Every structure is written in structure tokens, then in C-alpha cells.
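Next up: the structures, one after another.
Look for subunit A in each of the two complexes below; its partner is subunit B in the first and subunit C in the second.
Right, the complex of A and B next:
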């Protein structure tokens, strides 16, 4: 009996060790080039240029010699070129002495030029087909003229670019209004969704302010930092435009679940700082005389975190006034952004088509779906209603400096 | 006294459900059949009705021939030669399923898990345990099902719960707007047509313990299968969307890859892979057992175990053929035009013909059934008398509780184990 139980325990241990070691291959981790961030570009010759951030595991190669990473760096940046993505990411030029491993990849960047001109359809096929790639990494369009600048950016406390962005994206997803972080699965899901176009996150390496400069070091090259603002509007797999941070707010309010993003609302010359959370808007569609009508009903919950105005956020009368100001502010922002996207990009990133598909008759949708973005969405009459509620005034009542009654 | 395996109705139900679940667990053909859209979960629900309808002939027949094994049943209906011929067709079917499951197992292992591992190593990894289990007998397979199936069901449930945060309701919208009723019916039919596990019930029910019901086993297995299948399909569509899930070779594995925590709990798909490998090995052992059992009964050879080895070797050789190592071959099993029609022939058409012949020849077959039932009843009475505990001296392990029940062999025409 004991022998039998011992066998069972041994078998369980073997199965667990075989399957839970994290790496299901004969390659030792020290022989792996673990890529955690990849930048995809196309050269003038029409071939792919892929810059990879590879984890610098031990600082030595198999023979014990120091590898060629930046001094003291925890990652190595290498560039590869090739006719297809799968070839290029596997270093067919043989520049690295290790075997490429992609399952720890955190982020995929595309140059704006590639996303606009060629689109990313062929690269997406590689992402979902090849075992080295999967659907978890976040997707970004790089706004910089020289996209490789992002690898030079100052990452603050983070050691590696891929991990830095992954942590920002996963921790800040529902607390940022000015952008949204799109992973590969979300992108391909929206790509396949009828009546919706995908969006893509945007990143830019911008020069830092003078605060980073040390006296006497003015001639040193300026440092850059990563800025995540705005969104890329896609049509299919091609980038058709970029939204500013204020315009991106419309997308996040209508499509994302915001659980506490901080923003400010202009009140005359002053501002009121609020923490905002939303619930998915109610979207109603109708079809009259060959035109689509869309009514958006958005509800927002606001908590006051800073009050520069003279209004007393503990008084219902003042709260009502501020709520109306907030309603108008958000309504105008949303209307102007939607109008811009209708006019300039003709790409339904808000998924109004999906709601139309669900709410209207199947035959009607089938008859117009091919022209949805270019005609019906672009010409749709859209009305927006925002209902903001200031639910908390923070830890105080009256404005600071005013004598409480 | 001969030793026969004795399995309970829940074990049989788990064997059937577990074996049937391996299809949705791996390539989920329901996503590509019928309307092939977000209504796949409705297709799946409707398929349960078709499964019951398609399995009815076998279920009715088996209820008539409770004390007959599968080959004896065929011989009683069609005569010796006809019965053996039909049994050989089922041998071919069980062997085909064994080979096909092996192909699926090795393909998925090589596509998703062990990309660089040679085919023959993966094949050995699944064949050796499957052979060992099949030679250990029906009781071992049944007991193994009680360990493996709960784990598989647990992974399905846990992955569903863990993935809820990532699910999007709009992925199943609009409901029933894009699908024509006939598409739903067609999809449900072809999904049901892949369910060949009624054969497991027919073959293994001969080992059911006294007092355990064949019909309860069947309907319990269907309930477990239906609920688990529904959870798999709806979770996958809600998270991946039907458009993306359809693209994937193994949608539920890809689903499991998306769920899990950020830092502490990573790579939870390993639990899915583990369940899938164990479930596949169990399924392989069931089909290996059935193929070898049919051959053993047809040839009247001394042992079923003997056939497990050559059949496994043959399956290994077939899987090593160059065209079997191409993923396009795997796609043949996903198409509605090949595999479901084969299963339909085996699990519905042939049993229906057997049922018709039985009804025509009912008068001449009835005495054979009565004679067998009487013989079994006599043997059971004898057995009960033999194991009757003396007052104050109860046996430590009675037949009802043991895994290998000591039951006397039934008299001719067959040598099957007993059943009430």
C-alpha cells in the first residue's frame, strides 16, 4: 500500500515538474534571448526592421565572456532586418548567440509610418499564428520621427522598457482618461467585431523638462521620457489618425470602465479637480429616411479632489450648478471629438455600429454594414446627454480658506 | 470464481462525459459549424437534444440486452457471422478514434506545448500510459476517471470564474439575429453527430454494479457533459469572441492563456494543459480498450490485453506516416463533411438498423434474452448465497464495495459478467 502511494506521489511530482517549470522546451533559460519589447518598422527597401529589447540575464554568454549589452544595463537592444516578421524576430542574420523566446514579450511598438502606410495586418497574422508570439502584449504606435528613440527614454525606477510599459498599462488602465492601453487580444477582437473599429495606444519619447538637468550639465544630451497621450484611430489594420489626449477622453468615457481617473473641469477662469468614474453609456440607435440616429446617454460619478472655484460643494444649490457645468463640458468634448472622427477619419471606434447591429433588424444591418464607416457612421446624427453627479466633496466641505459656519 | 471489474454508474458517467469533453476542450468544432458565429452557445445547447435523439437506438437496444456484451448483442440480433461482421466495423471505428485522438493529442502538443519535441516522443508519451491503463482493465479506467474527470471539471469551472473580469458581454450579441433557424439546427446536428461516447456506455455498462442503472449513467453523463461544454463555449466566446476563437486550433487553451493574475499567478494555462493531457490519455485508453475488447470477443482469443499492444503499435505507425504529421490532416476532423458523418453512421445508422432487425426478429431473439437473464439471475442468487456473511462474522470487503467484484461467471451462450 505504501509502495503504491509512493508511486502516485512520484508520478504527481514528475508531472508537475514537467509541466510547471515555466519553459516547455529543451532550451535552458541562460541560452534564451528573452525579448520583452519589439519595435516594428519597414525600411525604404520594403523589408522589416525590428528592434528588440532583450533581457540581459547573466551578463555573460555560454563561454563566460561578457555579452555586448550597454554597460550596467539589464537589457540589450538589437536591431534585425528581414523580409518577413517571423524570420526577422528570429534573428536570421545571426546577431545574437541565443535562441529567441517570445512568451515574456510585454509590448509591441509600431512606427507611425508602418501603421499608416502598410498597416499591421500581416504582422497580426504572425502574432496569432506563430507559437513564439501570443495575444497578451500591449500594442503602441510610436509618434517619434525616429521610433527607436523610445529605447533611449529615461524609465525612472524601471530597469527595462518592456516591463516599465507593461506595469503602467496593467496598473493604470482604469485610472487614466487621456489614453487607453490596448493589448493584442483586445485589438484583434475589435478587428473582428462587426460595427466596430479598433484603436491603438500611442507613445512618444519627449524631451524632459529642465527639472531633470543638473547645474553645469547643460551641454549634456537632453534626456527623454515616455508620454502616453492620445490614441491611434484604426480602420481595419491601418492607422488613419491620431487623437489628442482630450479627444482620447471621449473614447475612454464611452468605451472603457473608468474606476477613478482624475481630471479637471474648467469653471470660468478656474478649475475644479475631480475623480471620475463612469458606467458604460446607454446607446440607442434608430434609422430614419436613410440616416442613422444615435443617442448617447452617459452617466458619470464625480468626487471633488480640488476646488479652485467659489462654489461650495457641500451645498446642493452649488453642486447642481457645478454638475451642469460638468455636463456641458463633457458633452461638448464628446460631441466635438465624435464629429471630428466622423468628418476626418470615418472610423467607428466607439462601436455604434455594433449597437445598431444589435438593436436593428438583421436585414437592415446586412444591407448597410459594408458602408457603415464611410457613410452611415460618418453621416449619423449623434446626440449626447451627460448626467454627472457629484457624489463626494472630499474630506472637507467649504473651500479651504473660507470660515466654516 | 472469475474476477470481473465492477464499476458504478457515476464512474461510467464520468468516463463518458470526460471522453466527450475532450473535443470542446481541444478544437471546439461547434464554433465553426452551422451559423459559426456568436450563437455557437445556442447551437451547443440545441445539440444536447440531437445527442439524445441520435443515441436513442443504442440506448433502447442496450436496455433490451442488459446482460449481453456488445459483440454478444450483435450476434444475438444478426446471427454469428453478421454479429461478428458488425463488431469488426466497430473495431475499426474504435481504432480510428484511437488513432485520431492520438493525432489530435500529438498535434496540439506540438503546436502549443512542446513545439520542438519530435512527434515520436510525444506519441510515446501518450501511448505508453494509455496502453498500460487499457491493459489494466475496465475497472482501472473507471477508477481513473473518478480522479481525472473531477480535475478537468474543476479546471473548466475555475478558468471560467477567473476569466470573468476579462469577458465582454457584447461578444455574444446580437443573440439569434445573425443566425437562421436552419443554421442552428444544422450546427446542432453536426455537433451532436460528433458524440460517439454512447459506444462507451454500451461497452462498459456490462461491468455496472448490481443495482446501478444504465440510464442514470447516461443522463448523468449528458448533464455533466452539457454543463461543462456550455461553460467552455460561453467563456471562450465571451472572452475571445467567436471571430477570434474560430481562428484558433485550440480556443479553450488560448482562452486559458488570457486569464490569471499579473504578477503572482502567471501561466495558469499549465493547469489547462495538464487536464487536457490527462483527459486525452484517458480517452485514448478507453478507445484502445474498446477496440481490443471487440477483437477479443470476435476472435474468441484468451485475453483482451493481447490486442492492446498490436493496436497501439499500429496506431503509432499510422501516426508516424508523413501525411498524418501535417496540420491540414487535423483540419479534416474539424470539417462537418468527414468525421461527424462517420460517427453518425456508427452511432446512429448501424444501431438503428440493429434495432429494426431486433424488432423484426423479436420473437426469436426474446427466448435468448430470457435464457440469459435467467442464467444471470441464478448465478447471482448462487453468488449471494456463497458470500452471505455468517452472523457476527461479516467479510471485510464485500463485492459491492470492492473494485474487482467476485462474481460467478454466467453460463453459455456468453461469458459475460453479471448485471441485474
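Right, the complex of A and C next:
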């Protein structure tokens, strides 16, 4: 009896000793400095400069609940420097009185210069290697000349930059055609995928007209707001070019699941507004005489949300005409964008190589994969077929007011 | 055995004196010092008689009308059979006479014989609903302190010749009547024999409550489970007897022990059998949830908050930091402090008179919780976590000691090792549960094909056709509600 009990005690002690030695990460939450947005730059001297947005909590109100946005700034911006990323992190230890905590990070910005010239490979290595670095944060290239401008942008309803971007990126992905929000996990996955190049989201702090003027104030300080438009084309870990918002639409149509994104289709001089949903395109590849042929078959569902034209969307004949116009419109957009990427960037961000790899013989892929982006993708013959269907024409039939009088 | 008891055991039974005067003296020697013993010698037309009883334990009206008055009548002819209007038995030794008196009987000495008559009447509490076992649906009556009442309540539930009440008297000073109750055709003989054996071996001063018996009977005093169930309600005890268990009643307490008790039965209530299946299962699910919450909440909370902040939703983490920013203690010490405070409050609330008890709850709940928070001693989230655990623990009061001990174990493990500690704790807990036996029956043995129908879930009553086979060894079938093809006949 006593032997048995002793045995259990010994077992427990062994278990505690064995397991506890690895658990030194105990940390009171109140001692944490939670960084939620980081901007990575490289100075002219080749030193990493990291600007971090740290959650700043100015105490509690009476009942101990969160005070919301009443008491001054909710975050503080600090800058750290070091020759490598990890030494920059070490710099935080002497500059911030609390322990830096990265697992609730929301967004990582890179200056365009850094992304273009040095690439983000070293930084990615740090993300993947460090145990508190998370794979959820979204990755952005900042278009601004002075990237730290994004920290000054007006955030509307959100309290902090990191949260603002997190909310937009996580909630708006499937209704936005003009950009794609790429998180670290998606980036790493695409980076490692054979026959595919990653993309990166793009953000810019743009000056806006002040929405209102305070009476009596002459010089309203100029405000900036964040604009998410276009997409960064990566080749490996380096940025090779930026797509405009129209060009980014091609990417989202071919690579994302869109559910009800608002867009418009030009019909003559007027436009018809639609809500668009897509299904993943069927991509067929073939290989003849050293050239790759790629067929893209894209199906779209359109729901009319605004009709400026004289077409009656309740009539079968008119719907067919509109569908044809839509087909042509999207086909042209896609063809011209792919052609531009083939010509200028030579980076297969659509993953055609992945489909080729799956559909063709393995040996063939092995023999051409080294040159896929620069030669085979860049020179591929691409045909696009778009099949749009207007599935819903809205609550009314003809254009508003046509037969009113 | 010391010398004194040996001497008593070896002494010859004392004989009853041969005349009324001498009998009176004999009694006075033993009981005369107590003034509640009434010894009354009186003359009848023939010989002298003595009546002895204890004031306050007998019905004096009956004694006057049916014993003394007939004896004093002029036409009394010496035939006691005709004279006494109450059933009586003859006591042949002096020891039996004394026991009979102390039991509350009236004893009459007449013509060299002693007659003992049951005219007991003493103050007792009426039948009430026992606190802690209230039900919405089902009988509201509970056992009382009087064993006769208790036996009659049980007899009314189970009108069968198989219901056996075995009397065992324990306690050198108390001579307490213990009643071993079982259904002869269903009971598990092994358990019954073990219990009877142990009960007969108990040699002690007094048994004041079944709690004494529980502690004498259990095998491991420091185990969190004694394997012995407790109830104050006749319908619950009847239900358990029907499942092959042994019940032990004790004079002077409404708490009845049932042996053995399996782990899952500690969270069952009688209402779950009286209400319909869905309702019963909702209750069971809630109780299991409550058990898990009461044990795990503070431990898991401290583990996640201090080790795995990345698991917390961002907004909650922010709120948490804001709430705890001004507090001096660590999260773990806050939870320890609050959990101990809650146990204190519970204890104080139970011991206080009811009126003060209510204010204790207010003082405890409002002043301690709210003010400690406002004063910046503890953070609001800690109060919530402890409150969740505490409320949950009140839903499974049968597992009180289990809940408290493991709540603190998990809190400790969670605060030094995080989620890993919680896993270690669960392993320790399961190991302990699996290795515990109650009178030879493993307390987790509920997972065979038939018994699982009444464990974490309850099948419709029509489906539960057999008694639990871990306890009942023969006469397993409880009901026959299906024909040969397995179709319901109802």
C-alpha cells in the first residue's frame, strides 16, 4: 500500500521535472507589450528598421472593463534597429519595459524598397523559425515613399492600425475584386508550391479631402486614409511588380472564391452594375513542340444590382446580350492582364505551372520546371473562355421609371 | 478488550429480584441517580406492583389508562394477560429489563415477572423535504430521525416479503439501533456479507450518525470516494435497493447509507427517472458539464492566461490586460485567493443562522467580489472564472470534496505548467478513479452494453430492461416490455 503510494508520488515528481523544464514561458498578461502591426524597412546603411505598433492600455475605468477609445492614444509606435531581425528584436528588450509578445500580431508591412531589392526571405525565415511569431498576420507592401506614413492614417472606426487591417482583411476577402489579402501562411504555402509564385497585398496611405470642416478652423490638418488596391507580384521572395486594381481582378477571379463582389460592366457608353460570384476556373494545359498551351474556362454568376442601360433584364433576349457583353469584357481583362504579367514580370502567380505539373507527365515537368516562369509560362499560349450567367435581375424588371408615365 | 469489559462479559446474568420492594431497590441502585426515571410502586388487590419508565419517552395517558388503572381495579384477578390492554413481552434477565427501560418502554413488575410494554412517545421532527435533495417532480418526503418512521416509509414503497430489515445494535454507550436493509432476491450477497461482517466487528462507544459508519466501513479514508452513497429520501433508497444495493439506516439520523455507489451515480438524481427522457438527458448533460466546469475552469483559465496568450481572442486579451493592469497579484494567486474565499463563504453560509446567512451571501458576493475588484486587489476576469466554477460546483453537491480537491490540484498544475499541467492532472485524476473500488466493485464500471443505458445518458425507461450487472449478480431482469421479436408490447 505504502509502496504503491510512494511509486505514484515518484511518478508525479518525474513527470513534473520532465515536463516543467520546458515550460518557462509563463508570463502574466499585464506584463506583455502586444505588438499588432510591424513595418519592416532597411536603411541605407543596410540595417533593419522595424517600426511596431504596440497596444497601449491606459488603465482601467471604475468597473474594470475596457475603456474603449476615451483616454487618448490606444497604441504607441516605437522604432527598433539592428543588423538582423533577431538583433532588432533584442533592441526591443532595452527600449520597452514590458515583454514583447508577437503571437497576437495582425499585420506585417514591408517597404516597397525592401521587398524589391532585398526580398523578404530573411524576415520570413525569422517568422517561421521563431516560436512566438504567428502565421496569421497579413503581409503588405507599402507603396508610400515614406512607409511610416501608414501609421498616421485615419482609421475610421477602429482604434488601432493592426485591428483595422485585420478586420478589413478577414471580413472582406470574398467581396473584394480589386485586391487579395495574403496572410503569412498563404504566402509561405504559395512560396513553396512548385509551379506557382506568391503574391502580396498592397497598401497605400493616400491623402484625402477632409470630409468636413470644423467651423472657425482655417487650416484643417490633411488626413490620409489607407487604400487597398492592386497586388504585388512576387518572384520568389522578391517583389517584381505591382498590379493595378483592374489587373488584380484577374488574379482574384482566377484564384479566390468571390461571393457577391460589386463591379460594373461597360455597355456602350453606359454601365451595368453587377454582384459577381465565381467558381474556381477549369484550367487545361497541354504541351506541343516545346510550347505550353493553357485553356482557362471561367464560370461567373452575375446578379444585376444597377442598370443604366436600356436593356430590359427581365427579357431572355436582353439577358443573353448582356451576358455576351460581360463575357467579352472579362475575357479581355483577363487576357490583357495575363499577357502583361507574361511579358513584364515573368512570374506565374496564377499557378498554371501547378496545373501543368498535375496534368502532364512528371518527367516533363521535372525537365522544364527550372525555366517555367521565365520561358514556358512567359511564352505560353493562353486562351480564355468566360461563361457568365445572369442569375438574378433584381427586384424590378425594366429600368426604373421607363414605363412610369 | 480492557479488564473492565472482560469482567462485564464474564459476569453471570443478574437475576430479577423476587419481590416488588426488592425489585424497586434493585432498579434504584442502577437508575436511581437520574431523576427522569419514574419508579412507582403501588398496591393492587392482590400483590404489589412496580412500574418503571422514563419520563418524556412514554405516552403517560396510555400508561395510566391501560396499565396502572386496570391493575388497580377491584376486580383484578391476577391474570395479566387479560389486564394489560397493550401487547407486552416478558423480560427474563435484569439486563434485558434495563435495556427495555432505556429503549423507552414501560416495564411492570408483578408477581415475580417483568412485563415490557411499548408505549413509546417522544418528541420528534415531522416528515419534511430534506434540504439538498429537493425535487420538482417526485415525492417530497424525507427520512426523519426516528428509525421506526423511516422503516415504515420504506416498507410503504416496497411492499414485498423480500424487503429485509436486519437489526444490529452498535455502541457500548449508545446502543444505537442500526438497520441493515436489502431486497433478499436482488442484493449482491458479497457486498451484503462484507458489510454485515464489518458492522458486527465495530466495537465503539457510540454511533451518533451514519457518518460514523461510513468512515468505519470505507476502505481508504484518504480516497476521494468512499464508494458509499447517501440519501435522505425513501424513494431514492428504494430505487437503490432495487439496483441490488444494501442500505444502512441508523436510529437518530435521517441520512441513509447505500452501498456500493458507483462514480456516475453520484451525479444522478431521482428526478431524472421521473421526468421524460429528453428532460432527464438535458439534466445529466448539464451536470456533467457542471462537473467539468467546477473542476477545470480556474485551472484551464490560469493555464491559458499565463502560458498560452495566443489562444485568447485579441479583444479578450486586451480586456484582460486592462482589468488586471492595476492589480498587484499574479493571475494564479488571484484565482487561489478567490477560490479559497468562495469555499470560506460557502462554509460560513452553511453554519450561520438562516437570516444572517442571507446577509453573508450578500456581503460575500457583493462586498468581497465587487469591492475587491474595485479596490484593485483582483481583476474582474478572475472573479468570473471562480464564479463559474463555484456555481457549477453547486450543481453537483454530491461530489463536493472531489470537486474542491481537484479544483485546487488543477489550479496548481495549470499555474506551474500550463495546458500541459492540465493534461497531467487529468491523467492523475483518471488513474485514481479507475483504480478505486467500492466493496470489490470498480467505481467506473458502468460501461457495458446494458449499464451504459443509464450512465452519462439515460435511455427511455422502456429500453432499460436490466439492472446494473456490475452490482446485481442474479435476478437481473427489471422489466419485460418487449416480445420475442424485440418489439415493444406497450
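Note that in this section the second predicted complex is superposed on the first by the 352 of 405 C-alpha atoms of A that agree within 3 Å, B and C clash if a C-alpha of one lies under 4 Å from a C-alpha of the other, contacts with A are read in each partner's own complex, and residues count from 1 in each chain.
Please note the rule applied: contacts are C-beta pairs under 8 Å (C-beta built on N, C-alpha and C of every residue); 3 or more make two chains touch, one makes a residue touch a chain.
Predicted model, so just to flag it, every value in this text is computed and none were measured.
In the superposition on chain A, contact of A:189 is made with subunit B only, not with subunit C. In the superposed model, A:121 lies in contact with neither subunit B nor subunit C. In the superposition on chain A, contact is made by A:32 with subunit C only, not with subunit B. Looking at the superposed arrangement, the partner reaching more residues of subunit A, out of subunit B and subunit C, is C. Of the two partner chains placed by the overlay, neither subunit B nor subunit C lies in contact with A:9.
Contacts of A:163 after superposition: subunit C is touched, whereas subunit B is not reached. By the touch criterion defined above, A:357 lies against subunit B but remains apart from subunit C after alignment on the C-alpha atoms of chain A.
In the superposition on chain A, A:101 contacts subunit C only, with no contact to subunit B. Using the contact criterion defined above for the overlaid structures, shared-chain residue A:57 touches subunit C, although it does not reach subunit B.
Using the contact criterion defined above for the overlaid structures, shared-chain residue A:134 touches subunit B and also reaches subunit C. In the superposition on chain A, subunit A positions 15, 19-20, 25-27, 134 are in contact with subunit B in one complex as well as with subunit C in the other.
Taken in their complex, subunit A has these residues touching subunit C: 8, 12, 15-16, 19-20, 23, 25-30, 32, 34, 36, 55, 57, 59-60, 62-67, 101, 103-104, 106, 132, 134, 163, 166.
Considering their complex, residues 111-117, 168, 170-171, 173-174, 177-178, 240-241, 243-244, 247-248, 254, 257-258, 262, 267, 270, 273-274, 277 of subunit B touch subunit A.
Within the complex formed with subunit A, the subunit C residues making contact are 305-307, 309-310, 314, 317-327, 330-331, 373-374, 379-380, 416-418, 420-421, 424, 428, 431. Within the complex formed with subunit B, the subunit A residues making contact are 15, 19-20, 22, 24-27, 128, 131, 134-136, 170, 185, 188-189, 192-193, 351, 354, 357-358, 362.
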